[in-house]
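Note that the chains are named A, B, C and D in the order they appear, and that numbering of residues resets to 1 at the start of each chain.
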Amino acid sequence: MNLDLIKFIPWLPALAAVLCGLCCTKKALRCLAAPICILSIASGFVIAFLHRGGVPPGGAVVPFFEWINIGGFSANFSYFIDPLTLIMLFVVCGIGTLVAWYAAFYMKGDKGYARFFTFVSLFIFAMTNLVMADNLVLLYLGWEGVGLCSYLLIGYYYNKPSAVAAAKKAFIVNRIGDLGFALGIFLVYQTFGTVSLREAIIAAEHVSEPSTAVTLIPFLLMLGAFGKSAQLPLYVWLPDAMEGPTPVSALIHAATMVTAGVYMIARLLPIFVLSPYALPVVAVVGGLTAVFAATIALCQYDIKRIYAYSTISQLGYMFLGVGALSTVGGVFHLFTHAFFKALLFLTAGSVMHALAGQLDLRKMSGLRTKMPVTCWLMFVGCLALAGFPLTAGFFSKDMILAAVMEKGLGEHGQPLFLALGILGLFTAFLTAFYTFRLWFRVFMGPEQYEMGEEHHGAEEHGHDHGHGEDAKPQAASDIKVEHHHDAHEMPLLMNLPLIVLAAGAIAAGYWAEHSGWIESMVESSTAAVHGGESAHAAELFGYHLHTAMMVISSAISILGIALAAYFHWLNRPAADAAARQYKSIVTLLNNKYYVDEINDAAIVTPLRTKGEIFFAIDRLIIDALVTLVGLVPRALGIGARRLQTGALQGYGLGMACGAAVLLLLVLFVAN
Amino acid sequence: MNMAEKIAGVWPEIALLLGAALCLLVGLARSVAIRRFTGWIAAASLLVAGWIVAAQVCNAGGVIGLTPYIKLAVVAVGLILLMVAAAVPVQLKMTRDIEAGREPFEPGLVIRGEFFAFFLFSLTGVMLTADASDLVWLFLALELTSLPTYVMVATSRDRVEAQESGVKYFFLGAMAAAVFLYGFALIYGATGQTSFSLIVDAANQQIAAQGRISPLLTTGIVLSLLGVAFKIAAVPMHFYAADVYQGATTAVTAFLAFVPKTAGFVALIALLGLLPDGYVPPAITWLLWIMAALTMTVGNVLGLMQSNVKRVLAYSSIAHSGYMLVGLLALHGSGDALGNGTAAILFYLVAYGLATIGAFAVLGSLQARGEEAETFDDISGLVRTHPVLAGVMLLSVLSLLGLPPMIGFLGKIYLFGSAIQHGFVGLVVIAVLNSAVSAVYYLRIASACFFGDSEGHTVSTPGISRPLAAGIAAVAALILGFAGGRLVSTARDAGGFPTGRNDVVTTPSQPPAATTASR
Amino acid sequence: MNPTTIMLVMILVPLLGGLGLMFLPRGNDSAVRPFALAYTLLTFALSLGLAFQFDWTRTQDLQFGFFHNWVPAFGLKFGFGIDAISLWLVLLTTFLMPLVVLGSFTAVKERAREFFLWLLVLEAAMLGTFVATDIFFFYICFEFTLVPLYFLIGIFGSTDRLRAARVFFLYTFTGSMLTFAGVLYVAWFNTTLDAATPFTGAGVWSFNIVTLYHAAAYMTVAQQSWVLLALLAGFAVKVPIFPFHTWLPLAHTEAPTAGSVILAGVLLKLGTYGLLRFAIPMTGVALDPVIGPVPGALVHFAPWIAGLAIIGILYTALICWVQKDIKKLIAYSSVSHLGFCVLGLFAINTIGVGGAVAYMVNHGLSTGALFLCVGMIYERFHTREMARMGGLASVMPIWSTFMIFFCLASVGLPGLNGFVGEFLTLLGAFTAGNVLGPWYAAVAGVGMIFGAIYILYMAGRVVWGPTKIPTDDHGDAHGHGHEVKDLSAREIGVLAPLAIGCLVLGLYPTPFLRSLEAPIERLTEPARLMIAARASNQARDAHLTDIMAEERALNEDGMTIIVPELPGLAAPPAVAPPAEPER
Amino acid sequence: MTDPLHSLTLAHYLFTGAVLFVLGVIGFISRRNLIIMFLCTEMMFQGVAVTLVAFSRYHQNDTGQTFVIFLLTIAAAEAALALGLVVLLFRRRRTLDAQAWGEMKG
């Protein structure tokens, strides 16, 4: 099959972004933005789907046009397509289409409707570039591009200071990781003389004795991955990113963008294996992040934040998987996670939509009668997230845990991986617990809820004077007006994508694993793990382990759900009592280990103080020095001026003495 | 060289002297209408002198040697100065009253005629300085240049400041004259000669005998240099400059800024020409080095402190003398390109003269509260009331600053290039830093004209000649900046010969071999 | 039209046009504006013509060479000629100027005639700087740019304009006076060379840049160090490199919008251009009387200068973060950004220097545009205090879109122009073994983070956030009561071309970058050879002896500018100006 | 060595000249009356004259003495000028104190 169409996958959304941008200018055109956007993403999906079987083994490069070429350095807009790319394209375009569909309803009536879809299209452009990039620089373009869109979309409600701050934080924290990534690219270029993925990978595979520089590359690249995928210590931006509209959280901050780090490591696996320590570090960071974020999620009250921490935690799983050399597991989890996490976020969005922006767990309960479809859709998502047997999350999580345990218990068992495996199981338990804590709190129990103050779903117009826009009252949007009365179920068209996602959340795991699709795809990409023998041995030995792990994690998951049911459905006072009893821990967790505060005190404030100090130095020392130098002539002038007394004799004296001194000087000293 | 040739060489001076005498005579006339002719007579005699010089130059096949160059420059700049000066006598209240018939006529008080006579006398002195081939001649020429200017300063303006200027200028000038005269005496004592060429011969003999010139000769030259430094207002003989420039009427100040300075530099070049080729005693190198550095620094730093534009320009004049002293160090250079300090000084004199006369002429074209404009307040916001004059002022200060593409920039290339070629890099660095300092006060002038608010009390003086002179000077400074090639090659030809030994000029000889003697 | 003529006319149009404005009928200053616009547009058209006639296959040659003797005795010439680097900077200048003029239509109400006069004269001077092939002709134009800007700031600036104008002038003038001395020194050195020295036209005063490149190669390292310091004195202040930057924020804040745009857009590049055109080729290789060719002063100084650049990047970036005045923030950001440019230059490899040139052009577009944006705000609210405004996105959406766009370009977002320069300069520094190295890039890279911090901080305060319209002293909102007007068609017309430029150079910079390769390789060749030689110490002697021998064998005339259509003479062989002969 | 006049050497004359010159300088600086100050400059001139004559004698040529003639002429001219100036000044200020003329400074 002709691969030429592939290159349009990113550029159709780019075109859509331009068109949507134009739609921003005229109010009448606004409603066109959503269809344009959805169409462009969907066509991307269709193109990708058409190529599902046509990708040559080892991938193919589809050149498009030249970008940066100078002095032997070359980075072009050309696309690399292999099975891994296809998986990512399915996720990005597939989930993208569904989320955009959902958002077309969710965002209705918002003043920035067209703007929203502009950014979403732009995001898809960047994200597809990221996953299709043939070289690291183009990957970096996508990488930063998605960061930008994330920035723009988090700050979508730009009149809200917290949204603006969150957007800024996201961008900057990502930049920190990006710096590592950029340096990694530099090092790749210096070492391998190319930034082309394929060439670099081939070169990496031929490295026999890795030099220090080479072993440094994965660590630098890793930094980028940690930033983008919100791993320790660069995870801080993701919870705040929930300030954005919920579809954005679903698409960008759960399903696609944040998985870019996993994708990148999987994609560059041959480079990562050059250093014996790189992947274990990835695994450790992933494992720690998983449990760390899960504990925080335990004690949060904001629905979206819980999901945000859960995302961080799940991303940790993926890193754990990739770090344990199970790229299949990592990518598999990425794939399934996209379904159920998008589903969870979108259903959370529905809840918010219904409750006028209410997000606090404590202020809602028993919504199952009001919103039955949403309730059960979310239930499906929760099951998958909790790793309930036979759901998608179950299979993928299991594959990771099995791989980790395999490394821990296998022939050359490493205690480190054993510990990570146990940590993973513990996280699985926590995940099941907090997931269902949320679900039981929201949908079970007595029906009672408070409406929120609504900034979601419709834009707060603030000072809209002089713009010829709707006056303030109308700005609160038609939908919202009825929301103020009561919670309600979403329309069917809006729930349609959720149903598709729910189907995926249940079936995707079983299908992908048992048809061998995911494994064959990943194994025929650059993420393939070469090291046949140990893989073979693991398979032999691991069959039992695999089964054992399935049992154990099923049990853990059910235990978690049951515990949640007890505390948050059947006996809520017990939960409150427990919370009171371990107040300090709860406070610590509720305040997210005070990481934001620590960062603020340890990094932001000192930097800003440095800025103030530098500014003072600039004015008081550097500029003053310049002024001082400028004053030297003036000081000399003041001195010389004293001789210009105006008196005739004084001048005569000056002349006589001056002449005499000069005469003596030159005659006796100089000669 | 016989007497006839010698006289043939001074025909331009004779023309000027005759003109001066005629001015004196006509100036005695009772009729105002007749006395008015004195200015035209002066102009005519300058033109005649210029014509004679031009003819001589044509005969010689080009400007060969410093003499014709200086004479041409004196005539050309003298004409501009004359335009600036044309209105001077009218400014004297007494003269006005007498001319209006309110006061009885008294020849001694009406200085129109004398003024122009003195003007011509002084210019004659400069020309003669360039002709000098003997210490006596040089002495007389220098005095002829100076003495009239004392009178011009003291009497050109009906204000007490003018008299104060006069007294300071005269007394200090007399003292300085004594100093260089003493130096002349020592030179004579060391060689037994007053003729330049004979002195050089004697010095060569001394070198042949002892490997150096006698300390007495060195001392004599050093003293002479110090005394003549008064004419160019170089440290330590600079004290008078600001006071005199301020007190004199603007036209005379412009005159002072160019004429005595030219004479002084010609004399300095002649005096250094007494040294054998390629030999400069360290004492003299040191003296010039120190004087140059001090002069430009003192001039510039004092220029920063002033509130009176004329004083600023006075200090700028000192500073420019300092730059030109740098050229003196490179005097014994080869005749080629940049390396020749003499040529550089000759060029710079014109560059500086045009720019500074332009600035003074602008000041002279303005009056505030019935007096000549001279403070920064007076020229504040000039661009609103007199945009053309402001533009001229801008061009002038930019040229003084040495900002391209004005002629002053070329002058700096020439001067500093010659100094670098002779290894005086340190001095050049001091000089360029000084240029930067000077930017402060030049910018003050420009910013007063362009950024200030006009208080409206500044009006232009009657008559077109001064603004015209200002315009001519400034435009010349601009055009010569772009098309200075001709002037540079003329200066180079003029400076390409050993100076002060005019007899050499008549026997065209090869310029001395290139000596890139560096320290 | 003959390209040489086009080049001359291109410089003369703004110069004479500007002077011509003075002769328009008095009293009607509004007539001045269309004229000024027409002149700048004509200049732009001419520069495009030049670009079309340019032979893009030999971008390294100084094409359309032409000279007019100025002062033959000193070898001073008005020498013209452009290679790709000059051409791009010329295009940048001519592209920015119409926009600047258009952007100043309403900002300048009084003395408009003078304003446009100075603007046009400034354009002529800037163009002259870029096309000069004679170092003193370059210097003339370089220096002369001070005068128009001095008046633009001094007459049309804000409250503290007099001080700003003075400081600006004096600071840069002082530096360039030292450069003046350095240039004279090199030219003198050229005259002392043995007449047999190839390319140098020895013994004769010449200020032809190519001649001086060759001459300087015969200096010792010590001599070159002084020359380099002298050149740096002028150019480092102009760029400005930390710690010589303090004049810039002052000048920027006080200057009128047009002045700021030109200052940031073009004038600062005169410094980096000077470094590239003079410092790098001149001081790349030195001659040791015993050893022979050795690495020149540049190679020794590069790490230090790059170090200063990096300090500047980080230091000023942090300063940006605590600014209260938007314009001052952008002004400081210029210092930070130009630090990348200098870093790239002193990486002395094609990637780094190419990145630096790209940075020059890109910074001109994006920062120029930011200043224009700020100017539009200032015109409406008469304040630039960030604390007094906020959330302008809801009242001025078009402006906000542009603002965010240019902010992102400035931050170096891939796909926009800023990225290309930033990435390449860092990559250049990273891979510049033996000169800089990974650490330089790593530390400078922190500037990318800080850059994001302060730009987003500014965007967050001004564009986003709760809407806040500045009020004047009487408590009234500016802009006629509550009406805050978004951009007019004219203003969109000013910003849109810049945005398009940013996008095009961000997505398809390849032709631009490719054209830079050859000239950069030529300019950096001596230094690169020396660095390479230093790397392989063994090979050094043999290798360089070869080069010198080859150069001697080539023993050709020093006049290496191509003079097309010289009547009565066959076109001379295209002796390009190689610092070292082509290998 | 018996006759003091015969033991007078060039040095003695030069010394005399120098002393006259320096005395003139000192007088110029220390006296305040304009006429006396002028006379001091005249004294400096005379010191030069003595020197010149001494050298002329030493070198056995007349050039130095010729120089002196011119020097004296110029001195006379200066004297005339000085007296004119002094009269002008006295008319203006009714004093000959040099200190009265110090308005301009700096």
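The rule we apply is simple: contacts are C-beta pairs under 8 Å (C-beta built on N, C-alpha and C of every residue); 3 or more make two chains touch, one makes a residue touch a chain.
Predicted model only: the values in this text are computed from it and were never measured.
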{"item": "Chains in simultaneous contact with chain C and chain D", "value": "A, B"}
{"item": "Contact-richer chain pair [A-C vs A-D]", "value": "A-C"}
{"item": "Centre-most chain [mean C-alpha coordinates]", "value": "C"}
{"item": "Distance between chain centroids, defined by C-alpha means - chain A, chain C (Å)", "value": "38"}
{"item": "Inter-chain centre distance, chain A versus chain D - centres from mean C-alpha coordinates, in Å", "value": "97"}
{"item": "Geometric centre distance via CA averages, chain B-chain A, whole Å", "value": "78"}
{"item": "Distance between chain centroids, defined by C-alpha means - chain B, chain C (Å)", "value": "42"}
{"item": "Residue numbers of chain C (touch at least two other chains)", "value": "170"}
{"item": "Contacts with 2+ other chains: residues of chain D", "value": "25, 28, 37, 98, 101-106"}
{"item": "Residues within chain B bordering two or more other chains", "value": "167-168, 171, 175, 179, 242-243, 305, 440"}
{"item": "Full enumeration of touching chain pairs", "value": "A-B, A-C, A-D, B-C, B-D"}
{"item": "Sites on chain C touched by chain A in the complex", "value": "170-171, 243, 246-247, 315-316, 318-323, 349-351, 354-355, 391, 393-395, 397, 404, 408, 413-415, 419-420, 423-424, 426-427, 430-431, 438, 441-442, 445-446, 448-449, 452-453, 456-457, 460, 463-469, 482-486, 507-510, 513-514, 516-517, 520-521"}
{"item": "In the complex with chain C, residue positions of chain B that touch it", "value": "337-338, 383, 398, 403-405, 409-410, 412-414, 416-417, 420-421, 425, 428-429, 432-433, 435-436, 439-440, 443, 446-447, 450-451, 482, 484-485, 488-489, 492, 516"}
{"item": "Parts of chain B lying in touch with chain A, wherever the complex brings them together", "value": "167-168, 171-172, 175-176, 179, 215, 218-219, 222-223, 226-227, 230, 235-237, 239-240, 242-243, 281-287, 290-291, 297-298, 300-305, 437, 440"}
{"item": "Touching residues on chain A, where the partner in the complex is chain C", "value": "24, 65-73, 76-77, 137, 140-141, 143-145, 148, 151-152, 155, 158-161, 163-165, 167-168, 171-172, 175-176, 178-179, 182-183, 185-187, 189-190, 461-467, 607-608, 610-612, 614-615, 618, 622-623, 626, 630"}
{"item": "Interfacial residue positions of chain B with respect to chain D in the complex", "value": "135-136, 139-140, 143, 147, 150-151, 154-155, 160-161, 163-168, 170-171, 174-175, 177-179, 181-182, 184-186, 188-189, 192-194, 242-243, 246-247, 305-306, 311"}
